[in-house]
Amino acid sequence: MALMADAFVAARAADPMVPRVARIAERKREIEDVVTLAIEGGAFDFAPGQFNMLTAFGVGEAAISVSGDPANGARLIHTIRAVGAVSRALAELRPGEPIGLRGPFGRGWPLLEAEGHDVVVLAGGLGLAPLRPALYRLLAEREKYGRIVLLFGARSPQDILFRDELEAWRGRLDLEVEATVDHARGDWRGNVGVVTTLIARASFDPARTLAMLCGPEIMMRFVANALHDMGVAEERIHLSMERNMKCAIGWCGHCQFGPVFVCRDGPVFPYSQLRGLIAKKEI
Amino acid sequence: MTEARSIVDAAGIEALLEALRGQGYSLIGPTVRDEAIVYDEIATLNDLPRGVGDEQEGGHYRLTRRNDEALFGYVVGPQSWKKLLHPPMLRLWSARREGDELRVEAEPEAREKFAFIGARSCELHAIAIQDRVFLGGPYVDPHYRARREDVFVVAVNCGVAGGACFCVSMDTGPKATFGFDLALTEIVAGRSFLVEAGTEAGSALVETLPHRAATKAEIEEAEAILARTAENMGRSLEAGDVRQLLARNLEHPRWDEVASRCLACTNCTMVCPTCFCASVEDTSDLAGLESARSRRWDSCFTLDFSYMHGGSVRQSVKSRYRQWMTHKLSTWRDQFGTSGCVGCGRCIVWCPVGIDITEEARAIRESDGQKGAT
Amino acid sequence: MIETIEHIVKEHPFFAGMDAGFVALVSGCAKNARFEAGQYLFREGDSADWFYLLRNGRAAIEIRDPARGAVTLQTLREGDVCGLSWLVPPYRWTYDARALELVRAIAVDGACLRRKSEADPRLGYEMMKRFTPPLLERLQAARMQMIDVYGAHG
């Protein structure tokens, strides 16, 4: 028999698996193996924390978080680390070249929920990229939030992403910025130590804090536990998960993490939702 | 829709196939190929496996000769209708560079109208489950929908239970209760079929066939057959709380035990009528002018499935088996609100080492809460 | 008002909430110290006689490598304790500690504190309770740095 009525959804929409073609407007090398691509030509609407599926034609597709300003709908920004065949091909694209675009997908940062709270934004390595749109929004609507703290950890001084911007933000009086690196030569004047060491010194009130974390999973786990130990509610510690994604819409199954699809139900999740699984092996 | 049940004979079935073909349907039904029941194009009644039975057990499948002329005297074969609605390989789009321009063209949707002849109740449940995956969310798969929306289903209520069947446990059979246009119960092998219409289209079609009203005795006979099938399930699974059972036993030592037998061959996922996982791959011509993306079935049993830069999340076979089984019986409910298992038993039969999902669930239940090496 | 060393010890976060008697005992081994930027608090191989509780300014824990020069292992700042090797034999520093900026600190005579701890094991246990967390933190941090979390994923 034909479809059951309740299986029908809305009208015939375009195939969500087919990318549209956009063009690279600008390419900027950030740090070793990391470039930022700007795409122009269209009105791009996204929520901070969402991602797009980017296609390097003839090579493949990868899920890449949007790293630009949500207020600038004319320019779509992604920051990409060249680690595999697809991301390398994407990172090699030059201005004028076509790129395939699907999205935006996923559930982003809980900025509405953060209103009225102190906000701790904690990024590790390239994890700063998906958090940057949230920072732009937080700063654009500064009056809606309590204290805002940006804590950033990287492997070495050479691996600090968006360094100019971090330094500019550091000059602001309404934003506390602290950075640390895991390894440095003697000529580095900044902090050396793991990112968790920054948390205890930052000024925020755990009881009224919402935290947004993005970085390596191990780092997020340690940071989430440290924040929780200080008194930040698990429901208000949000982290952006990473898993293999092929479709971004819950059809391919690759990004399953226990009961959730990271693409469809995340990538941003409250720690309270993941806690039971994130400490288990090979979920 | 007529509530009355009708009786058709073999000629009536032949006329049914003829009528559906006349309405432009491609007839897909059970037929014998490579010593198995497969769903393939059929033309006439003669393509159906007359007098064929089957023997199914863990890691074991044989066709047998029945001592009657039954048309539907076997249970499900290795393949399900999944291959028609969610094809193993499907091109999604192609792109072509023309000078400075690059054009992407979506693959046109299939226009074929299928009539599924002989779909079993568990399979109708499986189709409904995949409907939720591809049609039930905020995004709709146009390829799945194009293949799915015009399907005419002639269901068959199971007259025998297979050695690995456990639809009764999963509440998915053996009697088809929804999702069909017509449902047949073979009450006299090869000769007499009780017909029930599930849709207006189904009952209208019955009117065009040589048929007569079923007697009370015939209706009772059909019910008795189904009751017998239900009583003879080869397997059983305590499904009521299996979701919670598995969710709280992710570190149970049984996962290590089953992993020591599992070959990670992916057979269970290929034969499963609900498994939907797929991967995509891109191809391009040597000149770099044309490229295309295809979707093909994938399996959570492969190492690559969970690959992220730096390595695969699920390195061990144990974690992959656990992913599959917890998905089927536990997390599927979180994701889609239904079980991911319909109790068809294919994963048991087609496992080369005979791993049995019902036995695995039972083993965990028997030592609920034990923790193993993690 | 000139702060007494006892007051400074009592106010230092590292000794937060410590029994007044213990504060007096620690203070008896303590004095103020000040290091200009670039000055070393101690050097690798030296005898671990004094350790420091930082009050202002940051210090770097460094190790010298002929090819890479000084490699910074960790930076410390106000509230942190600088130097743990005074606790256990052979009481010798295994790295350099260098002021990155003007550092004010409480310098504590390790030998003095060890003697008092031997004499009063309650003080010794109090010291172990206060020195074990930074030890564990540094072990944990070293492990995190060792697995190079940002290498594969960040």
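Order of writing sets the labels: A, B and C. Residues in every chain begin at 1.
Following the convention adopted for this analysis, a residue touches a chain if its C-beta (ideal position, glycine included) is under 8 Å from a C-beta of that chain, and two chains touch if they have at least 3 such contacts.
All of these numbers come straight from a predicted model, not from anything done at the bench.
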item	value
Pair of chains joined by the greatest number of C-beta pairs in contact	A-B
Geometric centre: closest chain by C-alpha means	A
Farthest chain (mean CA position) relative to subunit C	B
Between subunit A and subunit B, centroid-to-centroid distance (C-alpha), Å	39
Subunit B-subunit C separation of Cα centroids, rounded to whole Å	67
Intercentroid distance (Cα basis), subunit C paired with subunit A, Å	37
Multi-chain contact residues (two or more partners), subunit C	152-153
Of all residues in subunit B, the ones touching two or more other chains	308-310
Interface hub residues of subunit A, defined as touching at least two other chains	242
Contacting residues of subunit A [partner subunit C, same complex]	124-127, 153-155, 159, 180, 182-194, 196-197, 201, 215-219, 222, 242
Subunit A - residues contacting subunit B, complex	1-4, 7-10, 12-21, 55, 57-61, 83-84, 87, 98, 100, 242-244, 246-247, 249-254, 256, 258-261, 264, 277, 280-283
Residue numbers on subunit C that touch subunit A, as the complex places them	58, 60-62, 68-75, 77, 79, 98, 100, 137, 140-141, 144-145, 147-154
Subunit B residues touching subunit A - in the complex, by the definition given at the top	92-93, 95, 97, 102-104, 106, 128, 131-143, 145, 148-153, 178-181, 198-199, 201-202, 250-251, 276-284, 288, 291, 293, 295, 298, 300, 305-310, 313-316, 318-319, 323, 326-327, 330-331, 334-335, 374
